[in-house]
Structures are given as structure tokens and as C-alpha cells.
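Shared between the two complexes below is chain A, which has chain B as its partner in the first and chain C in the second.
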Partner chain A sequence: MTRSIILAAVLLFAILLSLMIGQVMLSPATLWAGLSTGQGPAALTIRVLRGPGIATAVGAGAVLGLSGTIFQILLRNPLAAPDVMGFTSGAGLAVIFGVMAGLALPTPVLAALGGSAAAIVVAVLSLRRDGSQTTITLILVGLGVGFFTAAAGSFILTRLPPQEAAEAQRWLSGSLAARNWGHVAQVFGVGAVLTLVLVIQSRSLALLELGDDLAKGLGLRADRAKWGLSATGVLLAATGVAVAGPVPFVALMAGPLGARVTRARHPAARLAAAAVTGATITVLADLAARASIPGLQLPVGVMTGIFGAPYLLWLLAREIETGDL
Partner chain B sequence: MRAATGLALVFGVAVFLTLAVGVRTASLAEIWNALVAFDPANATHVTIQSIRLPRLVAGLIAGASLGVAGTVMQALTRNPLADPGLLGVNSGASFAIVLGALIFGRSDAGLMSALAFPGAALASIAVFALGGGLRGETGHVRLALAGTALNALLLSLVSAIVMARSETLEVFRFWVAGSLSQASQRPLSAMALVTIVGIGLSLALAPRIEALSLGSALARGLGTRPARIQLGALAAVTLMTGAAVSVAGPIAFLGLMVPPLARRICGHALRLELIASAMLGASILLLADTAGRLVLAPAEVRVGIMTALIGTPVFIWIARRLKPGAAS
Partner chain C sequence: MDNALKTKSLTLGYRERIVINDLSLELPEGKVTAILGPNGCGKSTLLRALARLMTPLSGTITLGSDDIFAIDTRALARRLAILPQAPRAPEGITISDLVRRGRSPWRGLLAPWSAADAEACARALNDVGLADMADRPLDELSGGQRQRAWIALILAQDTSYLLLDEPTTWLDLTHQLEVLSLLRDRNQHHGATVITVLHDLNLAARFSDHLVLLGSDGLVAVGPPEQVLTADNLHKAFGLSALVMADPVTGAPMVVPR
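Right after this comes the complex of A and B.
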């Protein structure tokens, strides 16, 4: 319990730190005055400049964390995250394509379509001839699909004029620049609905974690439950991509780190910890992206790449020791 | 013999198309005249000499280098997913060049290009250390994932540096995905020399690499020293990858596609495979580049994107064929 409180406190601290630091520094006192009275320069910074970006980071990080943990539990592999398996870049490609082709569909719908398409392609291509499927093949094929969608994204960007292409390129690496409260409402609104769906499914997830045979023995229709959970996972990831672009490594890191801090075992507790951890990672990465180079805002995805890739390498090094891979 | 003729034909077509196709289409006679009887007043001649010829040379250097480097890496690790691009060796070279430009300021391309070699060497040592070593027992999947992670890290750092220097999108794209469009500004003759040394070293080591692939113990029994050969092969890969990145930026998937094709053409004889890899690599790169210039004309799709679009289906195809227990 105390460990869960620590996790939440870290998120709160990250949010406050992120509100204070930027081109204009706010002291804790100014921040407090702005927060409590809603007046003065701090209130403006919070309401217009930093607030929407940070709130979007919290929402996007949380849904990505949930999505990653669903797949990590379902496939029983810490590498099985939607960003490793190409689902998020599929969602990102669909958004870019939709915007360029002038499709009159809202961004979350485009992201959901792209993410689902990528997931289906990965699932079908990793089927063996005898109908079986291994997690390793799934991850490798997912990597390949991710490489392809990334290249296809760059391919269609070639047609844009340089200014717009630069903007789209930033978005494709995951960016929280120029977010407004509409994005915040979107990620929290859609995210809340999907979280509710996930809560309803959480019993199935807990059963599936015990193994397919045991779950079936306990009366679960395992295949149907897996499809349902995968759909929820893909849609959660797409919700994050719709507001923040395909930010890499957040979905991969959030679950294991959250479980490590809280020592949570039960799937529901791991999901909750992953949501908070994902939000914390994204807020801190956004802060680093804004503050590391004066006068320049890097895309948040560059920072999650710099933090997240060493995590993946560490994960591999550890798996070599334990012989899990 | 038929395979060799076919390969030579494809290579010839690739070279011809690179020189002939573009805004001004040139005939074979015009190309010949532009090369032997250059007329500065003839716009087609100028285009060929100043734009397409450097592009051809850069394509030959990068294509041959990456093709041979891929075959050497796959023979060494017996891993069909080994490719200088996928394993992060390209990104290591790219990162070192960009970092050098950041630290030393804008100076000449030749000096910066020298940094590609330590960058590529460090990246290849890192990826093999993290991916489970150079021995045959390297996990296929582990090595590929270690490469993906290293790539993500290095390319994120490249992005950060390029954006911090407020470079143009064109520069960013060059150092992240590779292109032949800046060929005339790259140090072509020096890198051509490095490529030749790298390919020569690979050819010299080929029989011993083959002996190594029989297994370390057997290779030692045959009088070879595994560590030395691995070091030599890594040096060759570093030289070739560094040269390729210096002239064309980091181009992925070429080293993945070429080795299985080369094996299909000449069977299991590593020296022949290496020669075929050089020609195949150059041919595929030049054809992909020509296709990239045509497909969305007048806009130009960078060759690194074209090779990724062709190469990712190959990657998925290889991934599907790995046996479930093939991780070890």
C-alpha cells in the first residue's frame, strides 16, 4: 500500500515540477498562487502554455501503460508491447495518411483503424502453417510491421512541402507540442470508457494469466476473452497515439517498472501501477524534452527513445542471464 | 554460369538506369559522350557529370559495402537477421558523424567521415556484446532485438542533435534514413578506397570464416584462431559500413536482403557469395534509388525508405521461417 502511495506521489511531484520548469521558471509560491487563485502569470502558464501538454502527457502515458500491460500479461512476455509490435506506428501511419488524404474522420478513429489493422496483420503473418503461433514470432513479425509502417510514413511525407513535412515528422516520432484542452478531454474521455471496459474484462485477464488450460477449466471462453482483451489493448494504445503520436517505449516500460515499484502481482494491481507509471514516464520525458536544450522543444518521443532503449537493452541483458529468451 | 550472366545483366541495367533516368532522360550514346567527350554547354552532359555520376559512385560504394557487410555478418553469426542497418552499426556511424559535427563545429565532410569508423566499431561491439556474443549460439531474436534497441537509442540521439543544431529537414533525413541525393558533397574517392580494402579483407578471410561456421572447436582443430578471425571480420564490417554511411547515410535492410539472394545464386561458397553480394547490393540500391526518383516525381523518395519498403517484407518472411526453438 505504502508503495502505491509512493508511486502516486512521484507522479504528482513530476507534474508539479513540469509545471514549474520551462522557458519561464515559476517558483513553488507563484505556482501555488496561480493554482489556488486562478490569477496572475502562473495561472496563464498553467491554463494555456504548460497545462494542456502535461495533462495530455498524463492521459496518453496512462493509456499506453495499460495497453502495454494487457499484452505483456496476455502473451506472458515483457517484450510484447504495442510499440514493439508495431501497433502504435500503424496507428500513427493511419493518422498521417488520413490527414494528408483529407479524410473527414476524427483522429482517434483513424488511429483506432490503423492500430487494429496493424494488429490484425501482425496476428495473421505470425501464424504458422499448422495454425500455431509463438510469442517470439509474434514479436519479430511485429517489429517487421513496425519497420514497414515507419518507412511508409516517411514515404508519404515525401509529398508534403518541407515545412509541413518537418511538422509531421516530429509528430511521427511522438510529440506533445501545441496540445489544447480538447486533446486532454479526448484522451481522458475515451480512455475512461476503455478503462471501464477493461475493468469488466479484468477477471478474464486474471484467469488467462494462470494459463489457457486452467482458465478454460475454470469456465472461461479463453479465445473470446483474448480477442476482447486484445481489442481493448489496441484501442487504448490508439487513444494515446491520437493525442501524442506514436511515442515509443512508454507502453513497454510502464508495466514492468510499475510492478517493480509496487511489487504488485495481481493483474488489476499491475494495470493500475502501469497507468500511473506510464503517466509519470511521459510527463518526465516531456519535461526533459522541453528543458534539456534551451530555446528548443524536442519531440517527447526522442526522449522516451533515449530513456527507453537502454531499458530494452537492460531487459535483454537480464534475459540472457536468466536464459528466458 | 547462367546466374552469373543474369547478375551481370541486372548490374548493367541498374548502372545504365541511374545515369539515364531523370528530369532529362539520356540515351546510351549521350551517356557515352558525356563521359568521354564532355561538352560543358550541353545540359544533359552537365547533369550526368555533376549529378548522376556522383550518385552512381555513391550507390556503388554504399550498395557493395552493405551487401558484403551483411553477408559477412550472417556468415559469422549464422543469423539470417544480421544486417548492419538492423543491428545498429549504421546508426553508430551516423551518430558519430553528427556528434563530431556538433563538437567540432561545421568542418569538412572528409574529416567528419573519419569518425564513422570508430562509431561503427563501437556500435558493432556493443550490439554483439548485448546480443549474446559472436559465437554461433547467438540467439537470432536476441540479436535482432538488441539491434533494434541500439538503433532506437542512437537515432533518437541523432534526432536530438540535428534538431538542436536547427539543421534543415533534408540534413535530418539524410542522417536518419539515408539518401544518395547529396552524393556530390560526400567524400567519394576516399570512401571508395576504404570499401575496396574492406571487401578485400572479407575475401581474404572468407575461407576461415567458413571454417569457423563449422563450430569453434572444429575450427581450432583445423588450425584457425576464432577470436582473430572474428576481429578481422568485424574490422571489415566496420570499414564497409563506415564508408557506406559516409557517402549515403544509414541505409537499412540491404544487408538483410542480399545474402539469401547471393546464396541462391552461387550456392555455399563464401568467396563467390561475397562477390555476388557486392554486385547484388549495388544493383538493388541503384534500382531502388531510381525507383525512388520516379515513383512520386518530381518529389524524390530517399533510397533508405525504398530499401526499407522492399526489405521489411523480406524481414517478416525470414522471421516466419525461424523455427520456434531457433532462439538458441
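Right after this comes the complex of A and C.
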């Protein structure tokens, strides 16, 4: 319990810190004045300049964290996150493709379509002849799909006018620049609906965690439950991608880190911890991206990449050592 | 009411390979039954089918008057529980968290945890002798304790049928006896029907009322241990030349390979 409070406090602290730091530094007193009265120099910074980006970071980080944890529990492997398996880059590619082709579909729909398409491709390509799947094949096929979407994305970028191409390039690496309250409403609105669905599904996740046979023996329609959870997972990831681009490694890191801090074991508790941790990682990465080089705002994905890639390598080494890979 | 588990002309297999062919069998209610046979004879496959974990190629399985494939999944889970072979526990899960999940067939979609659920879990933990260790993580337990925790999970499910696939694998002899005594006790004092797949013929004879002996070509014998475990049947099922004598402790048949 106290550990969950610590986790939430860290998120709150990260948000406040992120509101204060930037090209214009706000003192805690100015920040407080701006937050409490809605007046003064801080109010503008909060309402227009930093607020929407930070709120989007919280929402996108939370949905990515939830999505990652769903797949990690479902596939019983800490590597099995939607960013490693290419789902988020599939969603990102679909959005860029939509821009190039001039499709009139809203971004979240494009992201959802792209994410689902990538997930289906990965699922089908990793099917073995007897109809079974192994997690390691899923991950490797997913990495392959990820490389493919990256290449396809680069190709599309060359087809775009220079101005748009530069913007699309930023967005593809995961960016929170120029977010507005519309993005915030979108990620929290869609995220809330999906989270509600996930609350209902979390009991099935607790049974599937015991293996398919036991889950079925305990009265679960395991195949249907897995489809449902995978759909929720893909849509949650797409919701995050739609507002922040395919930010890498947040979905991969949030679950294990959150579980480590809170010592949560039950899937429902792990999901909650992952949402808060994902939000914290994204807010801090965004802060680092804005503050590390004065006058230059790096894409947030560059920062999550800098922390995430070594984590992925460490995880791979550990999995190989324990023989799970 | 007749509540026996029966198979009729049951054929099971994977793709082209038929494992069980045209098997008609009754597994008596209120008894302890062990399914025996050499590796690859289909004993685990049969148990999985009885728990509806695999679909037969042909034939039927009935529980009482119901076709088990027509019963609602949750309704079946209130009548029949299965513990698969060597289940894998989620990392760090505690005994009580594991056992609580056994209540799921009894809980509504959003129903809160009820007093009846808590009572069933407490009883299950008590029956397997782990009540004072409920908050310990499963990975810290010995093999025997861990197996008892898994059994507590299916006891919390509160079913009249308990199916267990090789519940004694990987356990040393003391713990094997402990697990089988526990199941025997469930049968004698709680009226549970227990169906296990076992490897050890002598333990099966000692702890079961009813044996199903399968060979590579199908059913060899079925009935009480002294009728099933005969030198002739053992030769048919295992190609084993053995002497069968009375177990000096229990009087049950004991197999001594020549």
C-alpha cells in the first residue's frame, strides 16, 4: 500500500517538476500561483505551453504501460511488449501512410487499424504448422515486422514535402511537441473506456496466468478471453500512439518496473502499477528531452530509447541466461 | 441421481495419430480411480478429454445425464476440477492468491469476494495443511508443499470431481504418499470422486478403488486393483514380466518385476 503511494507521489512530483522546468523556469511559488489562481505568467505556460504536452505524456504513458503489461502477462514473457513486437510501429506507420495518402480518417482510427494489422501479421506469421505459437517466435517475428515498418516509414517520408517530412520524422520517433487539450481529451477519453473494459477482463487475465488448461478448468473460455485481451491491448497501444507517436520502450519497461516498486503480483495490481509507471517514465523522458539541450526540444522517443535500449539488452541477456530464450 | 463420468465409443487423437480408439468406460462416482499405462498410451490424453480440455474425434463423454461438451463452461467448472501435469506458477504468487483463483467459477462477473469464498479458501488451505503459510510465495516452498498448494486451488473450486494428471511427478516418496493420502481423504471424508493419472503401479494399487489399465493398443483391463494388476495384464500393457503378490502392509496387489 505505502509503496503504491510512493509510486503515485513520484508521478505527481515528475509532473510538477516538468511544469516548472523549460525555457522559462518557474519557481514553485509562481507555479502555485498559476495553478491556484489561473492568473499570472505561470498560467499561460501551464495552460498553453507545457500543460497539454505533460497531460498527453501522462495519458499516453499510462495506456502504453497497460498495453505492455497485458501482453507480458498473456505471453508470460517480459519481452512480449507491443513496442518490441512491432504493434506500435505498425500503428505509427498507418498514421503516416494516412497523411501521405490524404485519408480523411481520424488519427486514432488509423493507429488502431495499423496496430491491429501488425498484430495480426505477427500472430499469423508466428503460427506453427500444428497451430501453436511460441513466445520467442512471436517476439522475433515482431522484431522483423518492426524493421519492415521502419523501412516502409522511411520510404513514405521521402514521398512527403520537406516540411511535412520533417514533422512526420519527429512524430515517428515519438513526440509530444505541439500537443493541445484536444489530444489530452482524446487519450484520456478513449483510454478510460478501454480501461473500464480491461477492469472487467482482468479476472480472466488472472486465470490465464495459470496456463490455458487450468484457466479452462476453472471455467474460463480461454480462447475467447485471449482474443478479447489482445484486442484491448492493441487498442490501448494504438491510443497512445495516436497522440504521442510510437514512443519506444515505455510499454516494455512500465510493467516490470512498476511491479518491482510496488511488489504487486496480482494482474490487476500490476496493471495499475504499470499505468502509473508508464506515465511517470513518459513525463520524465519528455522533461529530459526538453531540458537536456537548451533551446532544442528532442523527440521524447529519443529519451525513452536511450534508457529503454540498454534495458532491452539487459533483459535479453537475462532471458538467455535463464534459458527462457 | 446417477452422476458418473462415462465415455462412449470415445476416439481421441491429434491430426492423423489416433491415441485412444473406441473406448467405452465408466468411471464410478464416489471412488478413487487411477488411469495407468505405458508412456504414450494416451492416459493423459484421456484425462484431458474427461475435463473437456480436448475435443474427441468421435464418441461422447457424459457426466450424469449431461454431455460434457454441451454444459456451460462455468457450470462444468463447478462440478469438475482438473489439475494439469506440472502447472507453472506466475512468478512471486502467494499461496493464498493462488487458492483464491479457485473460486472463479462461483463468482459473478463483478461480484465482490464473499464470505462463502473466504470460507472455501480457508477450508482448502486447512485441508492441505498450509493454513499457516498462506502468505508465503509459492517459489519458496518445497516440491511437496507446492503440490499441496496446487491441490488447494482445485479444492477451493468445491467440485465433486477432482481430476489430477500425474500429481506425484517430481516428488520424493514421502511427498508422493502425502499427496495420495490427501486425495484418499478427500474421497473418504468428503465424498469426492478422484481420478488420477499415475505412473507408479504399486502406489496406484494402494490408494485406488478402481484402475483403468491402458496398453499401446487400447484398454487392457478395468476394475478393482486385484483384478487389474495381474501378471497377464501387466504383460499385455507393458510387455513386462512381473510377479504380483500381496503388499505386506495393505494387502493390495504389489508388482515386482522379474
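One rule holds for everything that comes next: the second predicted complex is superposed on the first by the 321 of 325 C-alpha atoms of A that agree within 3 Å, B and C clash if a C-alpha of one lies under 4 Å from a C-alpha of the other, contacts with A are read in each partner's own complex, and residues count from 1 in each chain.
One rule holds in what follows: a residue touches a chain if its C-beta (ideal position, glycine included) is under 8 Å from a C-beta of that chain, and two chains touch if they have at least 3 such contacts.
This structure is a prediction, so every number in the text was calculated from the model and none was measured.
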Requested in this report: State whether A:G219 touches chain B only (first), chain C only (second), both chains, or neither.
Outcome: second
**Report entry** Partner, of chain C and chain B, that touches more residues belonging to chain A
**Finding:** B
Report task. Determine, under the contact definition given at the top, whether A:F249 touches first (chain B), second (chain C), both, or neither. Result -> first
Report task. Examine A:I120 and indicate which partner it touches, taking first as chain B and second as chain C; both and neither are also allowed. Result -> neither
**Report entry** chain B versus chain C as contact partner of A:H266, first or second or both or neither
**Finding:** second
Query raised in the report: Touching A:A206, do we find chain B (first), chain C (second), both, or neither?
Result: second
Query raised in the report: So which positions on chain A get touched by both chain B and chain C?
Result: none
Requested in this report: Flag every residue of chain C that touches chain A in the complex, lowest number first.
Outcome: 14-15, 48, 51-53, 73-78, 80-84, 87-94, 97-98, 101-102, 104-105, 109-110, 153-154, 157
Query raised in the report: Residues of chain B touching chain A in their complex?
Result: 81, 130-132, 139, 141-142, 144-146, 148-150, 152-153, 155-157, 159-160, 163-164, 166, 168-170, 172-173, 177, 252-253, 296, 299-302, 305, 308-309, 311-313, 315-316, 319-320, 322, 324, 327
Report summary line: chain A residues touching chain B in their complex are 79, 125-126, 128, 134, 136-137, 139-141, 143-145, 147-148, 150-152, 154-155, 158-159, 162, 165-166, 169, 173, 248-249, 292-293, 296, 298-299, 301-303, 305-306, 308-310, 312-313, 316-317, 319-320, 325
Query - In the complex, chain A residues that touch chain C - result: 73, 76, 130, 200, 203, 206-207, 209-211, 213-214, 216-221, 265-266
